[in-house]
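Below you'll find a set of structures to go through.
In the two complexes below, subunit A is the common chain; its partner is subunit B in one and subunit C in the other.
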Partner chain A sequence: MIPFTLNGSEVFIDANPGERLVHVLRRFGLAGTKEGCLSGKCGSCMVLLNGNAVPSCIIPIFQVKNTTIMTIEKFAETDAYADIVEGFRLAGVSMCGFCNTGKILTAHTLLEENIKPTKQDINNWFSGNLCRCTSIDDLYAGVRQAGLLRRKRDHGK
Partner chain B sequence: MDQVFFSDLEFPGQYYGMLIRSSVQHGYLVDIRPPLLPEGYYLYTAKDIPGENRLTALGTSIPVFTAHEIMYFGEPLGIIVGPDPAKVHELVAAVSIGTEPLDPWKFSEKFPASQVVMKRVLYEGDPDSLMTDESEVIETTSEIGLQDHYYAEPLGVAVNLTTEQLEIYTATQWPFHVRATVSAVLDLDPDEITVIPTTIGEAMDGKIWYPSLLAAQASVASVLCKKPVKILFSRQEDFLFSVKSAPVQIRYRTVLSGMDTIEAMTVRILVNAGAYSPLIDEIVDRITVSAVGLYAVPSYRVETYALRTNLPPMGALSGWGEAQAFFALENHIADIIARKNFAPVEWKLLNTINPGEKMTPGGADFTGKHRFDELFETVCLASDFPRKHTAYKLLASRRQNIQDGPLRGIGIVAGFQGNGFLGKTGETTRYAVEVTMDTNSRVQIKTGFHSLQMENILRDMTASILGIDAAQIGFTGTDTSKMTETGPETLSSKITILAPLVEKCCQTIQKQRFRQPLPLTVKREYKPSKKDQWDRHTLKGKPFVSITSGVCAVEVEVDTVTYEPVIRGIWIAVNAGKLYDRKAAQTTVSKSISIALSRILGERITIRDGKLIPKDSVQYDLLHPALIPDLRISFLESDEAPAGIGTIANNLIPAAFASALAQISGIPFRSIPLDARTLYQALEHE
Partner chain C sequence: MANRNSTVYQASTIADVQSILKNISGVSIVAGGTEIVRRQTGRTLHFSPNILPVSRIAELTGVAKTERYIEFGSCITLKSLLELGSKNVPDILYRAVQGIASPGIRSLATLGGNIAAKGQRLCAFAPLLALDARLEIRTPTEAYWIPMARYFSNTGKEQSKEPEFISKIRVPTDAWEISEYRRIGKPGIVTDTTATFAFLVQSQKNVLADIRIAYAGKFFFRRREFENLMIGRSLPLSEKDIDYLMDKADAYFDKNLFPPSYERKCLFNMLEESLSMLV
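Moving on to the complex of A and B:
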C-alpha cells in the first residue's frame, strides 16, 4: 500500500508500483487530470506534487509515497485558481479544455516563483505544455494578467 | 458551452473496445483466429454487422471492418469488447490473423492507370509548344509529406445504450454524418440515434468523417453485446492509424516572355490518396485550382493525379491541399526570381491577375478584389522587406564560407484561402439557422455548430443588431435531436456561411419586432445561386464561396554552429472583409501561424516498409512556444462579406520560410520539415 495525501485527504493505494499516477488519479474519479501524450510533453495531466506542477503521466505511483498531490479539482477551490482563470478570460485565452489543467497549474507555479514573468520566463515554464488551440500571445497576456490580479489580491490582504 | 470530453465519460456497466488490426500492408484476409474468450468478452467482425458494412462520405466508401482485401497496415478487421480494458488489450494481442499478402501500391512518378483514383486536367493554349529546346525552361519539383493532426485528446467514442436511444458521444466536426453512418451500419432509424458532439479542440479537419467510423465500430459492438461501449485510442494508436494529410509531389515548368512575365506553365501534381480518402474529390479540385495561385498565365496545363497507395486513410488537414500547392508554387516562383535577379514584390505584382479578372486555372471566376498591392505595401512597410532583402542578398554574395555570419534571409509570399466547399451541392452545403425572439425579447439561436469562439461572435453580432444585452442571447441544441441539420464544420463555413445567415435572421427580426407580436422565429438556409456554382467536371464557375487573399513575410536567421533556424519575425496582412471580432481574428491567424511553424520546424513522419514508425509518436514535436517570434498581423477591413481566415497563414508561411532559407544558403529547399537536421545535411553537402 502506498500512502500519500490527495487533495487534503490521506489515501492508501494498492497498485503496481510502476503504474502511472495519471491512471491512479482517474481511478479516483479525478477526470480533470487528462491522459494526453503519456510522455510528459503535452501537460494535460499536470498535478501539483508538493506544490510543483509535474506531468503525472511520467510519475510512477511509487514515487508519490508520502508526498502531497493536489489535482485541478482541489486547486479550483483556491483564490489563486480564480485569479488565473479570470486573467486568462480577460486576455481572451481560448482553450479547448483538454490541456487547461496543465496551463493553469503551470501558470500557478510560475507565479509562485515570479509574480511578474517576462515572455522568456513564460516560454521556459511552458516548455512542458503543448497545444494547438491557444495563441501564444494570448497566453503571455493571460499569465501576466493573472499575475496582476494576484498582486492586487495580495496587496489587499 | 460546457466542455465535455468523451474520454471522461463512464456509463454503468460500460465495456471497453479495442480494434483488431491487420498485420500486413496489402493482402487478402483469410481468417481471424481469436484466443478463447472469457465470459463477458466478445469479438465482432464484418459478418456480425446488421446493416451495411461501409461508411460513405462525399461519394467514397470505407469498410467498417474489412472482410476481404486489406488495404493498409493496421486496418480494422474486428473489435473485442469486455469489462476490463487490460484484458481486452491482452486478448487483442493474442488474436492470430491469416492473410495472403499482395504487392503494395507505391507512390512514385510512374504508375499504372489502375492506381489512379482521380484525375483532373486543366489547360489553356498549348504550353508545350512554347517549351522548346531554345527556350529557357525553369523547372522545380517540391514534395510535401505527411502531417498528423495531433489532437490533445486522442480519438475515440463513447456509446451509451438506453431503452429508447443509442447515444453517441464523440468529438466530431460533422455530427449528422455520424448519425447517418451509424444508422446505415446498424440498419436503424436515424431518429433512434442521438449524437452528442463533445469538445473538438482546434478543428484541423481530422474529425470530419473519421469519428463516424469509430462510432460505427463501437455501436455495432454496443448493440450486439447490449452494453455501453467506449473506444479510446492510445496516443500511439492514434498516431499510427488515424487520418493524415495527403503527401503531394508537384513539378512546375515555366517559360518567361521577353517582357519577363510568365508566358507558359505546366504543373504535374501527384497526390498520395492512401488506402481511402473520402475527401479526395475536394482535395484534388482545390489543389488543381490553387496550383497557379493568382498569377496570370496565358498558356498553361495543370494535371493532377490522385493515386491509391497502401497507407492509412488520407485527409485534408487545414487547407485541403492549398497549403501544399502554395508551398510548391511559391517555391518555384522564388526560384525564378532568384535566377533572373528580379525584385520579388514588383515581379509578383506584375504577374498577378488584376482585380475582377478570372483566375487562371479553368477561367475560374474570382471577381472579388484581392487587394494584393495594398497587402504587399502593408507587409513591406511593417517588415522593411525591400531593404532587408537587398541587404541579405548582398551579405550572401560576399560570404566566402557558411560560417561567415550572420546568416539571415527574408521571404515574401502572396496567396489565398478558398472558403467553403467547391462542390456546392448535396451534403456538404446543408447549412441552416433559426433565430427566435420571445415575448421577453430573449433570443435563442439554433444552429448545427458548437464552438465557444463562434458563439461569442454570434452573440455580440446579435446584441448589436437587435440592441439587446448579450446576456439575453442563448443557443439551442447540444445534440442532433435539437440542432439544425448541417454539413461539416470546416473551410471557414461558420464565418462565411453561418454568420451571414444569423445576421440576416436578426435583421429580419429587427424589422418585424415592433410591427408584429412576439415571439418571432426566422429561419434561413444557405442556397448557392446558379452563378455561384462550380462545375466539378469542367472545372469552371465560381470555385469558392469567397476567397481570402493575404501576403506574408518571414525573416530567418540560421545559427552558424548548430544550423538551428531562428525566426526573427513574421508579418502577415489579410484581406479580411468585414471583421466581426478583431481579437478573435488575431487569435485565429496566430494559431494558424503556430500550426504552420510547427509543421516546418518539427513535425516529421517517417514511413518504413509501408508503416509509420511507433517511436515517431513520441518524437513528434509540436512547436515549442519559445520558437514563436513576435507576430505582426494586419487586417485590411472592408464592407465586403466576412472572409475565412483560419488557414491563410498556414498556406503562406511554409513557402515564405523556405524562400528566406534559400536566400541565406543559395540552396533551394523543396520539402518540409525544414529543421536543423535538413539544413545541416543541405549546407554540409553544399
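Moving on to the complex of A and C:
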C-alpha cells in the first residue's frame, strides 16, 4: 500500500509499482488530469507534486509515497486558480479542456516563482505544454494578466 | 519487468542503500526515473523486479561548496541545481542544465541520473567531463572517488561486479575565460542525434594555460593528449595553428569508435568554430 496526500486527504493505494500516476488518479474519479503523450512532453496530465507542476504520466506510483499531490479539481477551489482563469479570460486565451490543466498549473508554478515573468520565462516554463488552441501572444498576455491579478489580491490582504 | 510481484525497497540513508545492495541481488536503483520512463510509452512502466528509489534520501540531495569545488549529492534535482544560481554553479554546467527538458521534468530529474543514464549520454555529461568532475562511488562495503572520465566507458563497461551507485559529484569551480556549451539535436528533448559539446579555455599572459574539450552523444570523448598539444601556445592562435590542430584532431578522435557520420562532422565543426574564438 502506498500512502500519499491527494487533494488534502491521506490516501492509500494498492497498485502495481509501474503504474503511472495519471492512471491512478482516474481510480479516484479525478478526470481533470488527462492522459496525453505518456512521455512528459504535452503537459495535459500536469499535477502539483509537493507544489511543483509535473507531468503525472512520467511518475511511477511508487515515487509518490509520502508526497502531496494536488490535482486541478482541488486547485480549482483556490484564489490562485480564480486569478489565472480570469487572467486567461481577459487575454482571450482559449481553454479547450484538454490542455487547460497543464496551462493553469504551469502558470501557477511560474507565478509562484516569478510574479512578473518575461516572455522568455513564459516560453521556458511552457516548453513542456503542447497547445494548439491558443496563440503564444495570448498566453503571454494571459499569464501576465494573471500575475497582475495575483499581485492585486496579495496587496489587498 | 514490473508486475504485482515487484518489490519496492525503502531506504532513508546511504547506509540503508548499501545494506540493501549487499543483501539483495538484482536491485535497480531509481532516482528521478525520468530517463527510464522517457523510453517507455506503454500504459505500465517496466522496472526490474527489485526497485530501490533513492531520490528522497537527504544525504544524496545536499550541496556543499568550498573555495575550490562544489559538491552535489547525486540526487539533487536539476531544478534545485538551477536554484543555486549561476554564481554558485560553473557557468557551462548551469547553461547545460537550463536547456534540459521542461521545468516540470527538471523538478523530477536528478544530476546523477543525467550522467548515469545508459546509452545516449545526456546534456550534463560533456560539461562535467570537461570540468574534470569526480564521482563518489559507493559499493555495499566501501566508498571511493574516481574521475568521471575513468568511471564511464564508451563500451558500457562501467558496471563493476559489485553493485554500486554514484553518491556525490564533485565539480571544480575554476574560473574559465571561455566557457562554450553547444547542443545539437532537437531542443528540449533527447533523440538519437542529440549531442553536447563543451569547450573551456584559460589563459595567462597571452599563453594558453589550460583547454578542455569534451563531446558526448552516442559516444563521449575527452582526449587529454589532444588538449596538451594546445596548452602553452601563444594567443591569439594563427589560422595555421588551427589547420594543424584540426588535422591532429582527426587522429585523436578515434575513427574506429566514432566513424565518419553526421555527428562526427558536427563535432569537428563545433571544434573548429570554438578554436576560431582563439584567433
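To be clear about the criterion, the second predicted complex is superposed on the first by the 157 of 157 C-alpha atoms of A that agree within 3 Å, B and C clash if a C-alpha of one lies under 4 Å from a C-alpha of the other, contacts with A are read in each partner's own complex, and residues count from 1 in each chain.
Everything that follows uses one rule, which is that a residue touches a chain if its C-beta (ideal position, glycine included) is under 8 Å from a C-beta of that chain, and two chains touch if they have at least 3 such contacts.
Quick caveat, the model's predicted, so the values are computed rather than measured.
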{"item": "Fit-or-clash call for subunit B and subunit C when the two complexes are aligned on subunit A", "value": "fit"}
{"item": "Which superposed partner A:N52 touches (first subunit B, second subunit C, both, neither)", "value": "second"}
{"item": "Which of subunit B and subunit C A:L139 touches, first, second, both or neither", "value": "first"}
{"item": "First (subunit B), second (subunit C), both or neither touched by A:F98", "value": "first"}
{"item": "Which of subunit B and subunit C A:N16 touches, first, second, both or neither", "value": "second"}
{"item": "Included angle at subunit A between vectors to subunit C and subunit B, based on C-alpha centres and rounded to the nearest 10 degrees", "value": "90"}
{"item": "Partner chain in contact with A:S39 - subunit B first, subunit C second, else both or neither", "value": "both"}
{"item": "Touching partner for A:G156 - first (subunit B), second (subunit C), both, neither", "value": "neither"}
{"item": "Subunit B versus subunit C as contact partner of A:L130, first or second or both or neither", "value": "first"}
{"item": "Superposed arrangement (fit on chain A Cα atoms) - minimum subunit B/subunit C Cα distance in Å", "value": "6"}
{"item": "Subunit C-contacting residues of subunit A that also contact subunit B", "value": "38-39, 124, 127, 129"}
{"item": "Contact footprint of subunit A on subunit C as seen in their complex", "value": "2-4, 6, 8, 10, 30, 33-34, 37-38, 41-47, 51, 53, 55-56, 79, 101-105, 107-108, 188-189"}
{"item": "Contact set on subunit A toward subunit C in their complex", "value": "16-20, 23, 38-41, 43, 46, 49, 52-55, 58-60, 62-63, 65-66, 106, 109-110, 124-125, 127-129"}
{"item": "Residues on subunit B engaged by subunit A in the complex (per definition of touch)", "value": "3, 5, 7-8, 150-154, 199-202, 204, 234-235, 452-453, 583-584, 586-587, 590-591, 594-595, 598, 618, 622, 624-626, 628, 631"}
{"item": "Interface residues, subunit A side, partner subunit B - complex", "value": "31, 34-39, 42, 44, 92, 94, 96-99, 120, 122-124, 126-127, 129-139"}
